[in-house]
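Take a look at the following structure, please.
To keep things simple, chains are lettered A, B and C as they appear, and every chain counts its residues starting from 1.
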Amino acid sequence: MDSDHANERVIDGDKSLSDVTHDIFSPLETRGSGRWWAGFLLAVSALLLGLVAVGYQIVTGIGTWGLNRTVGWAFDITNFVFWVGIGHAGTLISAVLLLFRQKWRTSINRAAEAMTIFAVMCAGIFPLIHMGRPWLAHWVFPYPNPRGSLWVNWRSPLLWDVFAIGTYFTISLLFWYVGLIPDLATARDRAKGLRRHVLRFFALGWTGSARTWSRYEIACVLLAALATPLVVSVHSVVSADFATAVIPGWHATLFPPYFVIGAVFSGFAMVLTLMLVARKVMHFEEYITERHVGAMCKILVFTGTIVGLAYMTEIFTAWYSASAYEQFLFKNRAMGPMAWAFWIMVSCNVISPQLLWLRKVRTNLGLVFVLSLVINVGMWFERFVIIVTSLTRDFLPSAWAGYTPTSIEIATLIGSFGLFFTAFLLFCRFVPMIAASEIKSVLLRRRAGDDRPLAAGETQPPADADARRAA
Amino acid sequence: MSRRIHVALYTSEEKLLGALRASRKAGLTVLDVMSPYPIHGVDDLVGIPRSRLPAACLAGGLLGLGLALWFQYWTSSVDWPIDVGGKPWNSLPAFAPVAFEMTILFAGLATIFGLLLRSGMLPGRSGVIRDLRVTDDRFALVVTRPDAAVTDTELAQLWRDTGAVEHRDIVEREGDR
Amino acid sequence: MPCVGKDEVRRHREMTWMRVDRYFTGEGDDTQAVHQPMMCQHCANAPCETVCPVLATVHSTDGLNQQIYNRCVGTRYCANNCPYKTRRFNWFDYPRADELQNLALNPDVTVRSRGVMEKCSMCVQRIQEAKAEAARTGVPLVDGDIRTACQQSCPADAITFGDLHDTESAAAGLARGPRAYSILTELNVDPGVTYLADVRNRPQHASGERHGQ
């Protein structure tokens, strides 16, 4: 497969190795554009708003949220599942596409993996702050203690979450860091002064030796092979929070594959949102090309259609089960007091991505951007519908209740976006956003052998006659 | 004890591979190759043995699996059995998710720390960088002459023939490496 | 139990451990209500216990579903997974500024802090006290020695408490009877609470449906 795709272009423009280095690393050596600062200030403001909301909630009590005795989870766990789902596309791009030798991933894998890490950070906050007594959160870890030792309940899906999210974050972070080492070394070798010392610390003494590269490549394939089942397991475990429960609308064996594909769907939508912005702001149009956008759009149509199939399967199962509770639940979802949320979910997740079948839509980047936002909204509502409509009306009508979010919950959601974008914008400024060493390994020119020995004093290889370089 | 090593720089993967073959043919000992990206097919020419990282990965995974299963069993069946929802003390199916996650975690950590330790990569380590441009667009070939089998003139000719853009000789003492 | 005030009750945050559900039959003037007290059912296969990550709700050797307040971290997963929705959460610190009122609180019952779950404990403090007393005096417990607070205060004597393993106990006898049923048995949660079907002699509606079953 490797050689078959030798002529497939990953990036635009006839770049030499040093062009790639220059394009990717020089933005990191500037002070940041006005647009970057504007975005950063906006993100930090949202983050501060969220911090105030969470601080107030922890000091005053969970009662500041709109929850009640019937609806014990709403925005908190919706946000948790939403952010974990966002993270999954990063792992999919870096690990699954690596195993399938999809070379186009090299332009976006670094940023997508960073997105994973930041999304999992956002996700991890919610199980923590949703606790009535978050200062006792360490009790979910099994450590020897003077209470017995009283261990933990290994049968609880929330405990599985602790281990799944913990492992996912650790492995994603280390995988990302390992992938970053060669590029940190490039940045180190370009830098001077303090910056060089800092980068030297993080580059771990990388020399580019073939011995290291050999081990490094094996380690990357091993990590990809581990991350692939990991990403499937993580959202399956998240879905087990609901699937193992007895509540109609939660208790469904369909949930693990349904959640995993939904996660891929929402994650790719978020990757598209971020990449469409980043390629403009960071001037990476030649690296994140329209072909990359097109490939991601196709993944969105594919996964969006499966998500639609999952929705229909759920309804079919309810009808076929002949369970009065299940049948009532789906009638209530589609026609009850929270039907608006259900129909937002269906129109955003099932109907809107079908537009991407059209090439005209896929090549209209503005429209693709809007669609990616619509899908993000739809996938948030999917989790909201699953969690809240199922809880509001379960077995005994005497216990039914509604749910209305408070301003504190909305501010916390905004705050989580603030954290995500603050982290992502810092990443764009301080870390090479595109995996330069991987781009170099898939450059066409390196195989062409068109470079002559350089004359003394010449540092740049000459450009080809047909080079379409803008600079 | 010191030895003389020779570093030649090239501008492309093809030239480097050509020079690598020519050096071996001329009787030089290839010490290492430095490149901005991994070059396929270079391992055999430099004589790099197959990495044992897959074994470390497997061992880590098995350790994680075994530890997780044993610990869950011990805490819920032996150390303090508690009736939770009428489930058996040893609720093995419910222990599967955590056992799986621990398998992946330990396998991943074994792989990453195996890579870092075997390659001598640690925070703050400087490493022997032959040329600052090997992380940009240069390919470095590092060789030594066993018992001066190749003369200085032959070596200079070899560098010219293979298209080296730069070359230099370094005297390396034992403590430098 | 704290009084949370009408605003909190309006937000469905009442703290009562027992609610009385009503089911209606008939139309207009002919409407009849059947009352069904609903509290923690002390399920043998309790869905709430399985989902708690920190073992804050577990089963006692007596067959009680126990809530351990000082272990609870407040994930509320147990309340979500309770098919009867009988669990109550301390959304805030419910302060009692009036010291005199504090003195009137039951000293045998733990005061729950903010962020923990609570529910009907089947008056575990009375059970424990009676068991301790029996151990001290050496006189074995007999059926009727322990009465729960709800049983004691029900003027219609509609609630019976006893050991279901003791086949001679009044509770076990009623639970074996033809009118006995449990709620949501199809979930296989195996509730420890048994209800008795309401049988009314109403000749003019001999074929009428009976709810509350």
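Here, contacts are C-beta pairs under 8 Å (C-beta built on N, C-alpha and C of every residue); 3 or more make two chains touch, one makes a residue touch a chain.
Since the model is a prediction, treat every value here as computed from it, not as a measurement.
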Taking chains as nodes and touches as edges, what kind of graph is this: line, ring, star, complete or other? complete
Which interface, named by its two chains, has the most contact pairs? A-B
How many angstrom between the C-alpha centroids of subunit B and subunit A? 29
Cα centroid separation, subunit B vs subunit C, in Å, comes to 64
Would you kindly tell me how far, in whole Å, the mean C-alpha position of subunit C lies from that of subunit A? 45
Listed in rising order, subunit C residues that touch 2 or more other chains are 47, 49-50, 52, 55
Which subunit B residues sit where two or more other chains touch them? 84-85, 87
Multi-chain contacts only, two chains or more: what residues does subunit A have there? 150-153, 155, 157, 159
State the interface residues of subunit C toward subunit B in the complex, per the touch definition above. 44-50, 52, 55, 58-61, 190
Sites on subunit A touched by subunit C in the complex: 60-63, 66-73, 127, 130-134, 136-137, 139-140, 150-153, 155-159, 162, 241, 244-247, 391, 394-396, 398-399, 401-402
Interface residues, subunit B side, partner subunit A - complex: 11-15, 32-39, 42-43, 46, 48, 51, 53-54, 57, 71-72, 75-76, 79-80, 84-85, 87, 91, 94-95, 97-98, 100-102, 104-105, 107-109, 111-112, 114-116, 118-130, 132-137, 140, 163-165
Can you tell me which positions in subunit A touch subunit B when the two form their complex? 16-18, 21, 142, 148-155, 157, 159-160, 163-164, 166-167, 170-171, 174-175, 178, 181-182, 185-186, 188-190, 200-202, 204-219, 222-223, 226-227, 229-230, 233, 237, 240, 437-438, 440-441, 446-447, 449, 451, 453-454, 461
Residue set of subunit B touching subunit C in the complex reads 82-87
